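As written, the chains take the letters A, B and C, and residue 1 is the first residue of each chain.
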Amino acid sequence: MTLTLTPFAIEMLLRLVLILVIFHVLLIIVPFMVLWERKLLGFIQERPGPNRVGPWGILQTIVDGLKLFLKEDIRPASVDRTLHTLAPLMTVAPAILVLAIVPFADPVRITLDGGEFSLLGLTIQVAPVVLDLPIGITSLEVGILYYLAITGLAVYGIVLAGWASNSKYSLLGGIRSSAQMLSYEIALGLSLVGVLLIAGTFDLRAIIEQQDGGFWNWHVWKQPVGFLLFMVAGFAETNRLPFDLPEGESELGAGFHTEFSSMKFAMFFMAEYMNMFTFSAVLATLFLGGYTGPIASPFAELGWLNVAWGVFWLMAKIFLIVSFMIFIRGTLPRFRYDQLMDLGWKVMFPLALANMVLTAGVVAVFPPGNRWVTREEIIGQPSTVGLTLGLLVVGVAQIIIMDMILNARKRRLLANAR
Amino acid sequence: MISQIVYGLLFVLALFSAMMVVLSPHAVYGALYLVLTMVGIAALFVLMNAQLAGVLQIIVYAGAIMVLFLFVIMLLNVGRQEGGSGINRSVRWLGGVLSVAFILQVIAMYAGLRDELAANYTLEGAQSIRIDDVARLLLTDYIYAFEMTSVLLLVAVIGAVVLARRRLVQGALEEGERRGF
Amino acid sequence: MDYLAPYIPILMLLVIALGFGIVTLALSGLIGPRVITFTKLLPYECGNVPTGEANVRIPIKFYLVALLFLLFDMETVLILAWAIAFRDPTIPNFQPYAFLAMVFFLLILVVGFIYEWRKGALEWT
């Protein structure tokens, strides 16, 4: 038996290896994120945090995980058994899947001479290949939309966990948190529009390349409001404090995962930290230059050192953002539910729209190519005249319509009084 | 070859879950199968090189509309205990006849168009549609449709608020009654 | 079929994610003890004896949120597509035109937003 590996098959095999590496790194990072959270919270509250298991408590969360693994899976009589098992899976799977679009570093060139070797009595022929393997799981033309789509699917896990438990706290927690996630998804999507207007593509790798060369190229300087909005919306999407209403332990037991124990609970727990990780990575990618360093990379392109440089900076940024999220947890109290919904709909949504219109206006006046347009070019053009006139009409119309809506009641009352 | 097999598998998945939407005993399971159908259709879109349509299928249908469905099911609290459908026999027969007729029609259509379809529409010949092209078309050739969408959404917003308000008032009155006012 | 290549890794990741979840859940279920007692079968209500039905009626507000989310999600999707086309350099003077197109689109939607706000659809008290 001979098996021939075509260049395409080799690329896919290498990608599979890369996926396995990234996935396992994520699995290893999660316990350390938990540990770091507990340590940092301890520091904020002037206590040592976990420090008994291993030096500096380093094995604490691993032991905790093992404990959860060996525990009994308690399942109350009234639960819906199928969905009770499916819900943790439906939460953890999207958390892993969103990682697919995160670019971790520049491509690396891999050269294989080709040849033959035998494995378990199977002769394997390898074709000679030279390929540039991008470090990351994949790169999609619809990258950001993919992120929005998969985070949108994460709602199901939570709402079904609440429903399948068939208990009051769970149901209320599930419904509450899904309403929260839905509300902030709008803000999440709209806060990205500013960046997209500047970038002109959904592809995350292309967005990073635009920011390469130094920290002054990062999109955060052009989109400070968008950055802020995206971050707040991300806090709400990952259900982190001050938006941890789904768990709200002082009001709803443990919220949607009240009736989950053992590994099923661990799945929800892991999903939360994986979501934190991916969200930080996406935030860093869109606004903070992703894997590019604060200065241009000193290493040769397509080399392993360049990859190490990229991975280092991405991890450093993720570490800072995650630490910031933990810091916020240690500092801010939880929102009340009406405050949370008010913030999402009445503050974030209008702000995101305003930011978008402003950015679009600036991009319209200073069109692509990062070239400053001369005064004559702007004033003389029919389109500019049209734009100004159009804006005037729109503004007046808006004022009239708003007046009609806002003062309709007053006018009616006045008419009645007369 | 492989893509055709994947196509067939996805097709079966989408069709099977669509059938399970009707056949599953509980409304929540039905909704979940519908989500699966949507995801299957999205994957079919991607397979036909309509990546944007695929992702939008997930964002809008699987991510938004189906969540609304689930909320409604939970809101109305339907069917955790109820078994069987309340539809009477004659309607069921009518439905059966209609579905058979529909399937026959699709088969007949396919038989008539097979050569033309096979000649013009193959997976390999799927045209590459770039996302910016779609977006540009939306803003140029289809600008009126684009603007009218916002009117449609406006009507929907007003409708939603009006409907929900009526229920809200009703709910408040009921609660008042319960408390003995 | 080149366009499908980026989706193969996603398929692999999906298999890995589901496999990981299913295997760990199954193993944990096999290894963990199972001692069924009466209290374990009751839904948890912080130690109290469970009272009443679990199927509490959900306020209509949540339904309204889901509905409004659906509508504004559609809007977001259209806006995202618009944002991608916005920098298009192939059509002369495209930006002012696209800008106006979006402002008109938004104007109508903002009316809807103000309406729902004024009608109290966003109040949670």
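Please note the rule applied: contacts are C-beta pairs under 8 Å (C-beta built on N, C-alpha and C of every residue); 3 or more make two chains touch, one makes a residue touch a chain.
In this text, all values refer to a predicted model and were calculated from it rather than measured experimentally.
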item: Common touching chains of chain C and chain B; value: A
item: Chain occupying the middle, per Cα centroid; value: C
item: Higher-contact pair (C-beta pairs counted), A-C versus A-B; value: A-C
item: Chain B and chain C: spacing of chain centres that average the CA atoms, whole Å; value: 16
item: Distance between the centres, which are taken as Cα means, of chain C and chain A, whole angstrom; value: 13
item: Computed distance of Cα centres, chain B from chain A, in Å; value: 27
item: Where chain B touches two or more other chains, by residue; value: 51-52, 56, 59, 63-64, 67, 71, 74, 131-132
item: Touching two or more other chains - residue numbers and ranges from chain A; value: 140-141, 145, 171, 175, 182, 200, 202
item: For chain C, residues contacting two or more additional chains; value: 7, 55, 58, 62, 66, 69, 73, 77, 84, 88, 97-98, 104, 106, 111, 113, 115
item: Complex contacts: residues of chain B adjacent to chain A; value: 28-29, 32, 35, 51-52, 54-56, 58-59, 62-64, 67, 70-71, 74, 130-132
item: Sites on chain C touched by chain B in the complex; value: 1, 3-4, 7, 55, 57-64, 66-71, 73-75, 77-78, 81-82, 84-85, 88, 91, 97-98, 101, 104-106, 108-109, 111-113, 115-116, 119-121
item: In the complex with chain B, residue positions of chain A that touch it; value: 80, 82-83, 140-142, 145-146, 148-150, 152-153, 155-156, 159-160, 163, 171, 175, 178, 182, 200, 202
item: Interface residues, chain A side, partner chain C - complex; value: 8, 12, 15-16, 19-20, 23, 68-74, 76-78, 85, 88-89, 92-93, 96-97, 99-100, 137-141, 144-145, 165-169, 171-172, 175, 179, 182-183, 185-186, 189-190, 192-193, 196-198, 200-202, 253, 258-259, 262-264, 267, 337-338, 341-342, 345-346, 349-350, 353, 356-357, 360-361, 363-365, 367-369, 381-384, 386-387, 390-391, 394, 397-398, 401-402, 405-406
item: Interfacial residue positions of chain C with respect to chain A in the complex; value: 5-10, 12-14, 16-18, 20-22, 24-25, 27-29, 31-35, 40-46, 50, 52, 54-56, 58, 62, 65-66, 69, 72-73, 76-77, 79-80, 83-84, 86-89, 93, 95-100, 102-104, 106-107, 110-111, 113-115, 117-118, 122-125
